[in-house]
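Both complexes below contain chain A, partnered by chain B and then by chain C.
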Partner chain A sequence: MGAAASIPRFVAGRVGGLLLTVGVTSFLIFSATHLAPGRPEEFLLRGRPVSPEALAAVRAQYHLDDPLLVQYWRWITGVFTGDFGRSLQFRQDVGGLLASRLPTTLLLVGYASLMIVLVGLLLGVVAALRPGKLDRSIMLISTVAAATPGFVAVIPLSAVFAVGLGWFPVFGNGEGLLDRLWHLTLPAVAVAVSVVGLLARVTRSAMLAELSREHVEVARSRGLPFGSVVRRHALRNSLGPITTLSGLIVAGLFVATFVIEVAFGLSGLGSLLVTAVQAKDFPVVQAITMIGVLAFVVTNLLVDLLYPLIDPRVSLRAGVAR
Partner chain B sequence: MTALAINNLTVELPAVARRPLVADVTLQVGAGEVVGLVGESGSGKSVTARAALGLFPPSAQVTGSVRVAGTEVVGLTGQALRRLRAEQVAMVFQDPRASINPLRRVGDFLTEALRANRGWSKAKALTRAVELLTEVGIAQPGVAVRKYPHQFSGGMLQRVMIASALAVEPVLLLADEPTTALDVTTQAEILATLLSAQAERAMAMLFVTHDLELAATICDRIAVMYAGRIVEEQPAQRLFDAPQHPYTRGLLTATPKLPAGGDAASSDVAPLVPVAGRPLSLAENPAGCAFAPRCPIVVDDCAAATPVTRVRDGASVACHRADELIGRDA
Partner chain C sequence: MTAASATPGLIRRRVGRLRTGALGGWLNIVALAVLTVFVLAAVFADVVSPVGPNDVSLSDTLAPISGEHLLGADQSGRDTLSRLIYGARGSLLGPLAVVAGSTLLGTAFGVWAAWRGGVVDWLISRSTEVVFAFPGLLLAILAVAMIGPGLTAPVVAMVIAYTPYIARLSRSAALQEAAKPYIAAYRVQGFSSLTIVARHLVPNIVPLLLAQSTLNFGYALLDLAALSYLGFGVQPPTPDWGTMIRENQQAVLEGVWQPSLVPGVCIVLVVVAFTTLGEAIADRVARRDVP
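Up next is the complex of A and B:
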């Protein structure tokens, strides 16, 4: 039928928009790194005095004398074939460099997302169902948590749980999945702390709005168990705003993890980005920034695709730009 | 056995309202009987009807007794309250679009209660849902159960709501303005559906409406509410022919009527006389009769004491001047 037929068209439209967004941001990213102060060849030569001929040779090797647009075109066509260029500081393919770092970041983002969604939903639902002291305490704690940046949370977290109690390691990636998760627990908590309260708040207000709806009263008047009224009617109908916010949060986590990775000495994309920025390692900075943009756009696309499943009144066709 | 017996029910919301939402209401609905509860918005008719489901406003103070088929509802909680709602009483609400979860299929709405309350399998509940949809006049019920509420018209959705109420096999069916949100032609069809289902099952029905004329055509007996109290109760035809309370009379003279000849311009049409004044708000709680400020035949006594309900020949009226009025030609 109509709704089913419109799904491929919707996806095609959204993927087109996605490519346009990626195209524009990639150019901005590329030109921005070239506008930044400091020149890459100075890093390459480690400040050694060299002859003008040697300098010209280095610039030619890295195509630094070509016009910006030509450099951009060489870079972006490479990106689409999986070639992100060569890292200036590691003298290694950026692709391989990223591949070794990406799993840690993805695992951290996934772990933190799971924590945020589970704890945020739980707190929000409990706060909505138990007005009074419990509701007020949850909201107070989530406000304090929301005002705590991740890198600040790192200090008490590692002081108490790593140094004081010795439950978790302070440093390193770990080996094997369980050991890795054990190493990633404190970083994931640090990432989650500041956003979990936000999700709890949105869940609470969406739940309160739904609980006061007439169809919820009707469900209660039909003798349905309280638990299924909450799950099938109030929570089910609150999923719209919860999903939208969760999508934004998960997309934003890629950036949030960068600082935390450095704080906990994890070798993920974040710590790589920080050293790359300090070293003017342009290809690495560009590649990681592009991954951040892609993560954001793809997560939003997934949320948009999920929405008609949550609310049958939303048709995908209405979402296609005309 | 009486399906519904309300005795001296008073519902108060001290934090919100200065006067009780419902004050000292006594009302009976016999098995198979259709009783109308008529009044303007805020008169307490919906609160009274919902009391039969044990559905009181949050933090309300309730005194008096509400018995459904012998079971006391006031103070009922937990499992016992769920049993009452699952097996004894069902309600058809005013706005079907607001009453049915818009995000779930109509079939889920219909089968949910059967599965949760009776432990039926999905297939068995679905078969029953299709039967009920056929009974309430939904074409292609097998297709309808897979649709979402927004794919139905308001009238069709109200039929779904009626089917869900019938699924309970209730002793007492509450209908809270079931046709008010629908257009006029649909109203008649929905009423016919509701009444035939009621007659077939010999269910008791409490029909809440603001439309006195509508109540008179479908109900055996009518109770008129004003400011939380029942001011008059009579068999439907007698209430229509010989209203006793000045408020009921006011309502009847405020109803437009077409002359028998069909000539709307002819001079024998009774003039429309609105009831003067405005209904009592929840913030007001004057002494004496609540209708006194609007009453055309008010006397000094009216503001002094709340009138007691007098019963005579199956009619009950709460008016200080009831005796004089009954003697007088209406």
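Up next is the complex of A and C:
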């Protein structure tokens, strides 16, 4: 089958699989909160004694008397139009709450991703080009870093850079873009620490594989400058696995940032999720869990679709079976 | 779905492993020693702990490292070393339950799918994909929202989240084993499917599963510690490494870092040890399979 004919089919297959997964997961998320012990209106009324009429009014307001499937349908169609229902603890629309919290989380994910890609690529390339002591130390550090979750990294980071040196704040979001970035620097480093070594490792092994291949030998033997050989012949061909891993890392970052937001008292989606879980504010829990799953599967889909474009040597068929 | 639907845990598994060269043997011994020390401390906490984990002594608030408090004391004057030793129990038992549950379930589902094929295989594979869409930590938080904080909800959720990884691995390994002549030989001899699978096929894929489960222990520990840190796992005053970091984080701003740093270091040590051993087992399995 020609590549031209199979591209639409490949894309359609992947998007179809994604829609099916999102359908099933969203139903699981929604019905899970209905399986929770305790009746929804008890959470709504916080144990206050009320008349049967008032109770019926509350049940009607939140459509609690409809069958589960009807409630699910109302919720999921709302989700795709930005209507996530009303928060029980804040008494306001969940959509508005999310909109006020989302920028911090997105900025943190973006900032951390940038750090991970830049530092990971640099360390990986250096490790590949300088075998021996430097290579081994980079690999050893990356093993330890991979075992250091963000909430552990927070402690030395704030002890040294916030308390000791006083360079960065350890609490709050900040105002304006520059101040925000300044506030988000330590959190972004904490998020990045545990995954930057992974990218370094993959970059290193992909680079080593390319550097030992014939086309690199030929390019070097023909007298091309070494830097250009590394950039245009080795690194360019290593981009496939590097991009895949970067995508997977970014997809996983959303949940990692949730923990870090709590650690640094940032008002993003993660800290909202934690308070919502504590307060049993189910509409908010459903919305953020759904966004987490969506961010995860959509990023994965994008990586799958991008891969054949970045590395044309990989046929679509192989891409599907990868 | 493809391999791309993976949590960070799986990513680590797919990445090339650390080549430790001549150091390899030594690293494994050190890793084993570290784990032995922690397990012994957890088992014999009543004996080795200097004082009780919840013995409050307000005069020792944030006491520095001294002969009386070998690792200092926390905000309430509780001895950090004692809390660390007792905290090892919950911090290690949680991941143990996750690994045991997910390995048993995953192997059962994976081998069943491989052996039966057809509809069973299709159903198990599709369910696996759905679970892959949930990052493990998110699934655990959802479970806490439903059931409430404590160790139960996170452990159940993590078992569900980790089972697909083992199921996929054991499915492909079992498919390879089932195609080998010795399985056909047992069939010809008239052994029942259950006997062949349980007595002959599964024992041959155990080393591979052991490697993966050892690595999973480290990842499960990280996830459960994160949940405790968020206040969803082991509940205070029961000591737990994740909880200890949260309780003492404020003290870092007052310049006292050891009550929160020390449990963090323990987490890192144990996880590095499990990663090292898991990769060593995986290396050995790979060398056995490729003559």
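The rule is short, and it goes like this: the second predicted complex is superposed on the first by the 283 of 322 C-alpha atoms of A that agree within 3 Å, B and C clash if a C-alpha of one lies under 4 Å from a C-alpha of the other, contacts with A are read in each partner's own complex, and residues count from 1 in each chain.
Simple rule for what comes next: a contact is a pair of C-beta atoms (placed from the backbone, for glycine too) under 8 Å apart; a residue touches a chain by one contact, two chains touch by 3 or more.
These figures come from a predicted structure and were not determined experimentally.
Superposition note: with chain A as the common reference, chain B and chain C can be accommodated side by side.
Contacts of A:Val202 after superposition: chain C is touched, whereas chain B is not reached. Once the two complexes are overlaid on the shared chain, A:Ala256 sits against chain C while remaining clear of chain B.
Contact with chain B, but none with chain C, is seen for A:Val218 once the two complexes are overlaid on the shared chain. Of the two partner chains, neither chain B nor chain C is touched by A:Leu118. In the superposition on chain A, A:Ala99 makes contact with neither chain B nor chain C.
Measured by the number of chain A residues touched, the leading partner among chain B and chain C is C.
By the document's definition of touching, of the two partners only chain C reaches A:Leu140; chain B does not. For the three-chain overlay built from the shared chain A, the minimum Cα spacing from chain B to chain C equals 17 Å. Partner chain A is touched in their complex by these residues of chain C: 1-8, 11-12, 15-16, 18-19, 21, 129-130, 133-135, 137-138, 141-142, 144-147, 218, 222, 225-226, 229-232, 242, 245-246, 249, 252-253, 255, 257, 260-261, 264, 267-268, 271-272, 275-276. Taken together, the chain B residues at the contact with chain A in this complex read 50, 53, 55, 81-87, 90-91, 93, 95, 98-104, 112-113, 116-117, 148, 150, 164, 168. Chain A makes touch with chain B in their complex at residues 213-215, 217-225, 228, 232-233, 236-237, 310-313.
Those residues of chain A whose C-beta lies close enough to touch chain C in the complex are 17, 21-22, 24-25, 28-29, 32-33, 35-37, 136, 139-140, 142-144, 146-149, 151-152, 154-156, 158-159, 162-163, 170, 194-195, 198, 201-202, 205, 244-245, 247-249, 252, 254-256, 258-259, 262-263, 273-274, 276-278, 280, 282, 285, 289, 292-293, 296-297, 300, 303-304, 319-322.
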